[in-house]
Amino acid sequence: MSMRKTLAAAVLLVLAPGMTFAEPPGLGRPIGEADVKGWDITILPDGTNLPPGSGTPAQGAPIYAQKCAVCHGENATGGRNAGLVGNPPLAAGGIEANKTIANFWANATTLFDFIRRAMPWTQPRTLTDNEVYALTAYILALNKLIGENDVMDAQTLPKVKMPNRDNFIVRFPDRI
Amino acid sequence: MSTRKLPLGAVSLVLAFGAGAALADGPNLGKPISPAELAPWDITIMPDGTGLPAGSGTPAQGAPVYAQKCAACHGENGRGGGIAAGVIGGPPRATLDGGKTIPNFWPYATTVFDFIRRAMPYQQPGSLTNQEVYALTAYILAGNKLIAENDVMDAQTLPKVKMPNRDNFIIRFPERI
Amino acid sequence: MASKQSSRRSQEPEVVAGNGLPDRRALLGRGIMFAGTMGTGLGGSLTGAAAEPLVDGPWSNEVGAVIQPYQTASRFEKNVVRTVDNPDNVPRNSRARTPHQLLNGIITPNGLHFTICHGGVPDIDPDQHRLVIHGLVKRPLVFTLDALARYPMVSRIGFVECGGNSAPLFSNIALQENVQALHGLASCAEWSGVLLSTLLEEAGIDPKAKWMICEGADSPRLHRSVPLAKGLDDAMVALYQNGERIQPGQGYPMRLWLPGYEGNMNVKYLRRVMLTEEPAMSVYESRTYSQILPNGKAYRFYFLQEVKSFISRPSHGLALREPGIYEISGVAYSGTGRITKVMVSADGGQSWAQAALQDPVLPKAFTRFRMPWRWDGGPAILQSRAWDEGGNFQPTRADFVAMRGQTTRPPPVTGFPSQHFNAITSWAVDAKGEVKHVYA
Amino acid sequence: MDPAGLKRRTKLPQGQALTLRPPPKKRTFGAQIIQTTASYRLYFYFREKIMSTSKRRKGGAAAPPFEPVAGNGLLDRRALLGRGIVFAGATATSFSSSLAGAAAEPLKDDPWSEAAGTVTPVLQTPSRFEKHVVRTLSNPNGEPRTQHARTPHHLLNGTITPNSLHFTINHSGIPDIDPAQHRLVIHGMVRQPKVFTLDTLARYPMVTRQHFVECGGNSAPMFSKEPIQANLQALHGLVSSAEWTGVLLSTLIEETGIDPKATWLLAEGGDSLALTRSVPLKKGLDDAMVALYQNGERLMPGNGYPMRLLLPGYEGNMNVKFLRRIKLVDQPAMTYYEARNYSPLLPGGKAYKFYFVNEVKSFITHPSFGLTLKEPGYYEISGIAYSGSGRIAKVMVSADGGKSWAQAALQGPVHPKAFTRFRMPWRWDGQPVVLQSRAWDEAGNFQPLRTDFVAVRGETKTVPNVAGFPNQHYNSLTSWAIDSKGEIKHVYA
């Protein structure tokens, strides 16, 4: 049973996208930035958030052999998973060229960030910061991007100049 | 990558629903079928008796068929009490508290025949012969005092059975009929 | 049942709403970028304690599970199921109701679409299934599924609702049941298929034809009489439901879909359409879907599912843990067409505020309405009331019962005292945040 | 010229047709061609409701002049306009039956009509006759590498992908997250870092929108220099469309307050890889959503349960699943995924970065590879079009490899950044044809021809593995070649 009556043009109040309510629920619980540290593991290209600690290629070699070689192969040349060395010229490879750390990655900090956040694949976030610095140094050195006995730490890692850094085009500048 | 160029004045053709659509020059993939081939599915009994098959049945013939094939669910003598509602008796008037029965509510007797033949017994619908359906229909109508004990139900007599509640209905939205 | 109302003034509810419903203008603007206004007014929860330090969940430190070909819900959501009233498949009807209180948006996922079967769920081989169109036609025709796949199709989002949905509200006493038990026999999906008119016109319609007897291939061979006018309007032979082939409980391999008409007429497992001059008066239209009125008469051929709305959250069974802001949310729909307005009250109908409708608002489909509400912890009675583009609106329960009657004693919640109940539903929130079903 | 005036001889076919459900084994369908003598008037009954945005945008521009009837049997799109006459009196003879003339065999009750059916379950699943309608898996045994599940578009219809068939990519399996413990923290360049639980988010004002999510690498096999003979699921299966419901990210960020210096936000997931992407803050404040529901029910685990970021129109990887952290920053983090994977190489050695947008794209779902046409006659060409830049404005279909085009009908309502179903009536005369679709969006973008696309973006030197990703963001045309036996191949045309 529904009543039928002449309605003044009912204002169709429609939830347009982006429309929110003037009075938000305010139900988020405040938290100190310190308490977020446990999750805040993102390293920015300028080195922000790099933890204390350091590592050299030599310190990285044994850690790599013990924790990484099983998938990435001896001396990071590749195994069940991709290799981490090699610098084939991009231009020759065309669109499906092998993007390696040496010929493609724009920032060395990405290497530290990804190793710490996701590796080893089956037990992520089990490496100490020193181990991550050592592995980062080991891989950068293998790719001749740093000297054999350079020390990677919060100051030096961001300064590593990756060869392909300036070889990118922003596809939709208006969306940045 | 998609190139940008002058926005087209394209009118997109939007296919609205809510429109009947037939393609005279359409697929025409319906296969013709003759009434004879249709017969096994053409089981609808209309209120005026159209569709009633040959055959007949009396209340007396219906009693044993009921006992054997219906009582298990609908109860002894059609009184209910099993897992299904009774088919004989019940309250004089149907109310919101329940009790729509064949005598106090069903407008047409032909519906009894149609439903028994198409859907009963529940586990083997369509397994009754037309004779058995006429007999069961007669048995139920007689049980509810809608026909006499020895009336014979067939294609001629069944449509003539006058159900008490027949003229007690209102069409809710006449404009939609 | 829509009753005509002449004067408009007396009916228009007071717009500024009490009991925590913000003035509707609050709904219009986009929230202010209140970078600076962190006043205590927006304090966190009552306890106000800062959140404890974050630590990785166990799932973050191990490789996850393998992807499956046909994915299913998380194990933490295994309570989001339909309630079934015939789990042992006893020889009688079986119904499964949609858990509206646990869903959102307007689409009902296929696994949770409500189902009513009168002879169990048939296991139909699509290659054997046939659709026959005959009776008052120029040429009786048979269609296979492969043939129908080549016809022009349409897709449309729309609801299917059992004529008996909301029947528990005919009870003279408000049954303490949740929205799934009260209103679970309605769902909304995107249906794709061939318009019935396409097939009828291929068969050639005899001008004398006025009705279509539509019959299913299930064991009771359920059949209903449908006006030919509806067949030539928006009736569809539906083949797909939310993109995939129709679920067995919704009529696999094909069903009749009559947007806005009572569920039982939307014959599942459709195998036959016979054009006739007269309706067949099947048991369903002559007995079951014929509603008794207080004066002893009964409606016939009700057909239409009228404008209706209910609040799905908060609702019975979903307790409010603390005072503060909540979103009152629910669905509104009408067999007549689009919803034009939904009003919400938090004080049992003394005052009302207009809820926001989530666009796009589609005809004969669920429309999600939302209303922000600040609960002060005191007792409140939540109600929603909907209007449709035909000018119809939901009656109060008192007005509805005056016209349609109610039971004299509370029926079982799975019973159907009558059908086509579309009056207002009310939820009472007490000081402890418990929600009861009430009549208000 | 209105359709009624169109007089032409058409062949009226009869008989079996393209099957709806191609089980794995190839099924061919017989064909008879019936030559009819009567001429027909084309009349169709779709009532057209011109509500396309381009018309609204153009201030009611009149419909363009009648499109030429495209080659190879594409029926005039105006055939889909207007409601024809109910031809109650139409001549019977004109509807001759199939060559064999044999009527359908006599009907009998099938077994399912003669016995009660099975029990109604608490959670429905498809009929056993549809068990082949599943996603294909790239890593079924869960080896330690990325897993992909692709949507079977060639078996679906309409615009909604059912949840069980929504595509999924997981880089380290699907985490089994307890919603009661899951937290979303928003911090960094904010006034007051805050933590939200699911219970609190459930009380926020929510929005519901229909959007596609597409992997940036969807359609990657099309970069192959030669057309790979694989079906639509293998070529374009990493895109799906659903109704998403959740809380606008802007609502939450405004609550924590925004430091004017912030220009980016980092979104991180609770999976073992803690997958992180950098997102421009402007997108975060636009239509970004913390999505909680997918087609009405809570998110599927493979699509981010209990909550995910949804960036309508942006590449899938950025729509971070299992969302647990948003950090406002003043520079992009150049995480592994944006620095390496989703940074498409160009032929000259340069590469794009921050591609973000999934551009306008369309493909025909049926007829398509693997769905053989059994006989000549009437078919509906149907497919999906979508664009990350807004609504689809127009879809053109060609049956002669691009020599001539006709405009397809779009199934209304057309939503922005969502699947739009297009349909084109077609009469196949049994001769070899090449079907193609091409879409335009409301922003004026359109799909480039393959030659133009390859000239800018390049193609592979060798034929890659169909499951590989030679590159990303392919949105050129897809072409299906049908031979005279009705077999369908994937071609470049």
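Letters A, B, C and D name the chains as they come in the text, with residue numbers starting at 1 for each one.
As a working rule, a contact is a pair of C-beta atoms (placed from the backbone, for glycine too) under 8 Å apart; a residue touches a chain by one contact, two chains touch by 3 or more.
Computed from a predicted structure; not experimentally measured.
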| item | value |
| --- | --- |
| Selected interface, B-D versus C-D, where C-beta contact pairs are more numerous | C-D |
| Most widely separated chain from chain A, with each centre as the mean of CA atoms | B |
| Separation of mean Cα positions, chain C and chain B [Å, integer] | 27 |
| Centroid distance [mean C-alpha coordinates] between chain D and chain B, Å | 43 |
| Chain A and chain B: spacing of chain centres that average the CA atoms, whole Å | 68 |
| Residues of chain A whose C-beta touches two or more other chains | 15, 18-21, 24-32, 36, 39, 121-122, 124-125 |
| Residues of chain B engaged with two or more neighbouring chains | 15, 17-24, 26-29, 31-34, 38, 41, 122-123, 125-126 |
| Residues of chain D whose C-beta touches two or more other chains | 16-17, 44-46, 80, 86-87, 90, 95, 104, 107, 113-116, 144, 172, 185, 192, 194-195, 200, 203-205, 207, 250-251, 254-255, 272, 274, 324, 377-379, 411, 413, 423, 425, 457 |
| Pairwise chain contacts under the document criterion | A-C, A-D, B-C, B-D, C-D |
| Residues of chain B touching chain D in the complex | 1-29, 31-34, 36-41, 122-127 |
| Chain A-facing residues of chain C, complex | 1-6, 8, 11, 22, 24, 26-32, 41-45, 49-56, 60-63, 306-308, 324-327, 334, 340-341, 354-359, 361, 370, 372, 374, 387-388, 390-395, 399-400, 403-404, 420, 422-423 |
| Residues of chain D defined as touching chain B within the complex | 10, 12-17, 40-55, 57-58, 61-64, 75, 77, 79-81, 83-84, 86-87, 90, 95, 97-98, 103-109, 113-116, 359-360, 377-379, 392-395, 407-414, 423, 425, 427, 440-448, 452-453, 456-457, 473, 475 |
| Chain C-touching residues of chain A, taken from the complex the two chains share | 1-8, 10-16, 18-32, 34-39, 121-126 |
| Footprint of chain D on chain A - complex, ascending | 15, 17-21, 24-33, 36, 39-46, 48, 71, 80-81, 89-97, 99, 104-107, 109-110, 113-114, 117-118, 121-122, 124-125, 167-172, 175-176 |
